[in-house]
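Paired with chain B in one complex and with chain C in the other, chain A is shared by the two complexes that follow.
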Partner chain A sequence: MNAVRIAWRVTRLNFRAQLEYRTEFLMMIAVGAIWQVSVLVFATVLLTRFTGMGGWNSSDVLLIPATRMLAHGLFVLVLGRIHALGRFIQEGVIDTYLVRPMPVHRQVQLQFFPTNAIGDLTVAAGLMVGAIARSDLDWTAGRITYLVAAVFGGMLLEAALFTVVACASLRFPAADYWGRWLEELLGTFGSYPLNVLPRAVGGLLTFGLPLAFVAYFPAAVLTGHGHDTGVPYWLAAASPLIGLLAYLAARLLWKWSLNHYTGVNG
Partner chain B sequence: MTGSIEVRGLSRTFHTTVRRPGFAGALRSLVNPERVAKHAVSDVTFDVAQGELLALLGPNGAGKSTTIKMLTGILTPTSGTARVAGVVPYEERERNARNIGAVFGQRTQLWWDLPVRESFAILRDIYEVPKAEHAARLKEFDELLELSSFWDTRVRHLSLGQRVRCDLAAALLHDPPVVFLDEPTIGMDVVVKEQVREFLRHQVAERGRTVLLTTHDMTEVERLAERVVLINHGRLVLDGALDEIRRRFGSTWQLRATLADPHTEVAGLPGVVVVRREGRQVVFGPEGPGAEALSVHQALKLVIERYELAGIAIDEADLEDVMRAAYAQAEAAL
Partner chain C sequence: MTVLPPAWRVGRVTPLGELHTPPRMTAALLRLAVQIVLVASLWHGLYAAAGTTAGLDRDQAVSYAVLAVLASRLREIDQYAARDTVIQHMHFGTIVYWYLRPMPPQRYYALRALGEQLYGLAWSLAGYLVCLAAGVVQPPASAAVAGVFALSMLFGQWVLYYVMLVIDQLCFWTLRNGAALLILIFAQNLLSGVYAPLWFFPDWFITLSSFLPFQATLSVPLSLYVGRIPLSDAAFQLSVQAGWIVVLALFTRFLWRRAARRVISQGG
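Right, the complex of A and B next:
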């Protein structure tokens, strides 16, 4: 309980601190929103120029970037500071975390408030509302629950991927650059039904870098394309669970990596 | 709980890649990297008693910070053991963290964007310090470190001296029996340095805290430590009381001579060595330690007879010279 209270208190104080720099605060929100401009352009082109993509109609396709962006926005808000771990290592901040009686991962997340997440989430929420409004699906309680689970699963899967990069950074600080590449890759391919890509690329984005589980598979299951994804239906449907399991595995790797941390001079 | 530190055969080896010189060398390193083991700390053994302030000294890269990192639980040793207040730091990191305070002079443990007082309050919650106790301790620290004039300022706006004073307070707010200070006064002005030293003296003498301090400031060592441990190339080369080290390595006197002719060749004299020379200024010291050494009057006579001088002064050797002599002897022994 004390841990939750401390986390809430630090988050509140960090948020208040950001608010006091008004221009910086507003600029960061704008940056968060503008960062998603490619997705917005994709959505606009999709809806105005095409009737569909890869056998999906435009409204169904729209559910993919909406789910991915919402998952990404939540990741940035809740677990996104892991992305900055390379900098924290270089600055020696991790050393100060290690001498406090609090899990290092939690301290990383409480380092600052990610104002840009407000921009990310605002755009993502707008896109999701638009996607649901345009959708022909019957939004039953089951579908809504699955969508919510998919968003959280996507958030956890993205967090798992960046946690793995962070683990590498603990050993090789330059591994941080892989985080930027990963973010670029998620942003570039995360909005498409992966069946429009060559089979090998689709396979790579499913089993190599499991991007397909973030939004494509959940959207396929929701829109009735779950049997045409190239993987068994149950696997596509289990995407939220896979996100959770991937995150738990990444945290175990984090724990192991932290025990083998050698410091910036190592 | 006792606040002692026990270190037995502590070692830490890092494996690094040898950087070959030149572009061709860099390409060769890429294709065929040569890995070498770097022994940052080798078989170091020492104790620090409860309520003792020990200065851990050594040149840059000697292994001081790596030793502190192992004792604070940041790094796991390659071999050997350490116990800090009864806890093995690298096995029970969070439990060890409750028993220790740490200040790394170069970096802060405070929240950069928050006013200092907010950081203190967060640390109070993390360490679960009762509010009344926290307030009383903060009042005590304010009296010693004059924090209240800037503790409502954000950390990012503090000067270095203000920031380190706040870091010191933050490290001790949970009343730890053991404190690690890694170059805490680096870059500070003399007034603030003295204030920090007074604070540390108070923490050791009045509160009975065990302090392990690393510094390159010999004035600090003279004012604070009664015992020092010298470490060089990762090995412990000397462990003893400051007075004993002075007797063993320190000239009991020094002659600071100014040569009349700056081109004069200077060499040692029987029983007298040249400690250092800077232009016309030459510092002479006794050749042998302790009782074997020449008296300052005998040396003065020899120097005046041998060289034409524009001036001469008699000094006691400072601690820096003593340490230099100790390092030199240690180097020769390796």
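Right, the complex of A and C next:
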């Protein structure tokens, strides 16, 4: 309970610190919104020009970027500082974390308040409302519960992927480079049905880099395309659980990697 | 021991830095290869059930998208890791050293960028030849198209250099400007056609981008290459690119002069 209170107080202080530069604060909100809009623009351009993408109608497809963007916005808000770990290592900040009486992971997350998450979440929530309003699906309690679970599962899966990159950064600081690519890949290929891609490439984005589990599979299950995803239905339906398991596994890897971390002072 | 001219020594900093970090080079190679496969697969998949769209057929769209990936390699060096970006120098106060060296900062900046772009060009050219041999990218329709594309690409990179320079020069006026930089980089990617060819966007968007310098960096040369802009329009497009080079050169020169007044050495 004490840990939660401290985390909350630090977050409030971080938020006030962000308010120190008002223009920067507002522009950071715009950055989050623009990043999401750029992903949305790409998806919309493809949807408009190539209707009936992968056998999905446009209302169903819209649920994919909506789920992914909401999951991404929550990731940025709650666990996104792990993305900046490479910089913390390079600047030696991580070494000071090791001697403080608080878990390193929590200190990383409390490093600063992610103002851009406000913009991220605003656009994503707007898109989700639009996607649900346009959808012909019957939004039963079961479907809504699954959608909520899918968003949190997507958030955890994204966090798991960035945590793995962070673990690599603890050993090779240049691995930070992979984080930016990962973000780009998630934005570019995570927002439409992956069955438009050749089977091998779709397989790569399912089992190599599991971005299909972030939004594509949950949306397929919700919209009745769950049997056409190229993987067993139960696997596609288990996406939220896979996100949770992946995150737990990533945190174990984080613990192991941190125990083997060697700073410049040895 | 051979003494290298200062310009050469500055220009080769980036290539040498990259050559001394093999993991980064391996990552760059893998990233480029995977990105090309993914992008080519995506556009092939999208065109599987569609004919010519927005004036581009399948081969043109795939060539455009793959060339955009290759072109993005030209200035995709991780400068941040080398701690030699203007924003980092402003943050740590080390920008003053740019003004204490026997080489003017604008010349240092230009040479570093030139080294970077030549290093990136080697990657892009190698990737282009592999893609051409593999049939992923269509060859230019004629020698004239190839020539015009090469000239337009050179102009495009020149414009891109100035656009990135303006973004960096902004750091002299704003203490915290990470957000502004990110917004400008998004604008550059979106309005130059990196995310998707501009031809797929609505008409108002294409009209808007024609008044901005961003499309001159990538969209124009690639459209010339794939034949979406005919050779008969090339002279006009090249002159627009040249116009942007002149305007941005004068503007950045003015900004360098103003920026120098803001740098204080050793307490004034």
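Everything below uses one rule, namely that the second predicted complex is superposed on the first by the 253 of 266 C-alpha atoms of A that agree within 3 Å, B and C clash if a C-alpha of one lies under 4 Å from a C-alpha of the other, contacts with A are read in each partner's own complex, and residues count from 1 in each chain.
We adopt the following convention: a residue touches a chain if its C-beta (ideal position, glycine included) is under 8 Å from a C-beta of that chain, and two chains touch if they have at least 3 such contacts.
Here the structure is a predicted model, which is why all the values come from computation and not from measurement.
Asks: With the two structures overlaid on chain A, would chain B and chain C clash, or do they fit side by side?
Replies: In the arrangement built by aligning on chain A, the partners chain C and chain B fit side by side.
Asks: Is A:181 in contact with chain B, with chain C, with both, or with neither (first, second, both, neither)?
Replies: Touch status of A:181: second partner only.
Asks: Classify the contacts of A:249 with the two partner chains as first (chain B alone), second (chain C alone), both, or neither.
Replies: Neither: A:249 stays clear of chain B and chain C.
Asks: With both structures fitted on chain A, tell me whether chain B or chain C touches more of chain A's residues.
Replies: It is C that touches the greater number of chain A residues.
Asks: I'd like to know which partner A:129 touches here: chain B for first, chain C for second, both or neither.
Replies: Neither partner.
Asks: After lining up the shared chain so the two structures overlap, which partner does A:197 touch, if you call chain B first and chain C second: first, second, both or neither?
Replies: Touch partner of A:197: chain C, not chain B.
Asks: Of the two partner chains, chain B (first) and chain C (second), which one does A:96 touch, if any: first, second, both, or neither?
Replies: In the superposition, A:96 touches chain B alone.
Asks: Given Cα centres, how many degrees, to the nearest 10, is the angle at chain A formed with chain B and chain C?
Replies: For this superposed arrangement the angle is about 80 degrees.
Asks: With both complexes overlaid on chain A, does A:144 touch chain B (first), chain C (second), both or neither?
Replies: neither
Asks: Once both structures are overlaid on their shared chain, how near does any Cα of chain B get to a Cα of chain C? Whole angstrom is fine.
Replies: 6
Asks: From the superposed pair, tell me which chain A residues show up as contacts to chain B and also as contacts to chain C.
Replies: Shared contact residues on chain A: none.
Asks: Can you name the residues of chain B that touch chain A in the complex?
Replies: These residues of chain B touch chain A: 14, 40, 65-66, 69, 72-76, 93-95, 97-98, 100, 102, 104, 106-109, 111-114, 118, 122, 125-128, 154.
Asks: Can you name the residues of chain A that touch chain C in the complex?
Replies: Against chain C, chain A makes touches at 21, 24, 27-28, 30-31, 34-35, 38, 41-42, 45-46, 48-50, 52-54, 87, 90, 116, 172-178, 181, 185, 188-189, 196-198, 201, 205.
Asks: Provide the residue numbers of chain A that touch chain B in the complex, in ascending order.
Replies: 2, 5-6, 9-10, 13-14, 17-18, 91-93, 95-96, 98-103, 111-112, 259-263, 265-266
Asks: So in the complex, the part of chain C that touches chain A is made up of which residues?
Replies: Contacts found on chain C: 21, 23-24, 27, 31, 37-38, 41-42, 44-50, 53-54, 78, 80-81, 174-180, 182-183, 186, 189-190, 195-196, 200-201.
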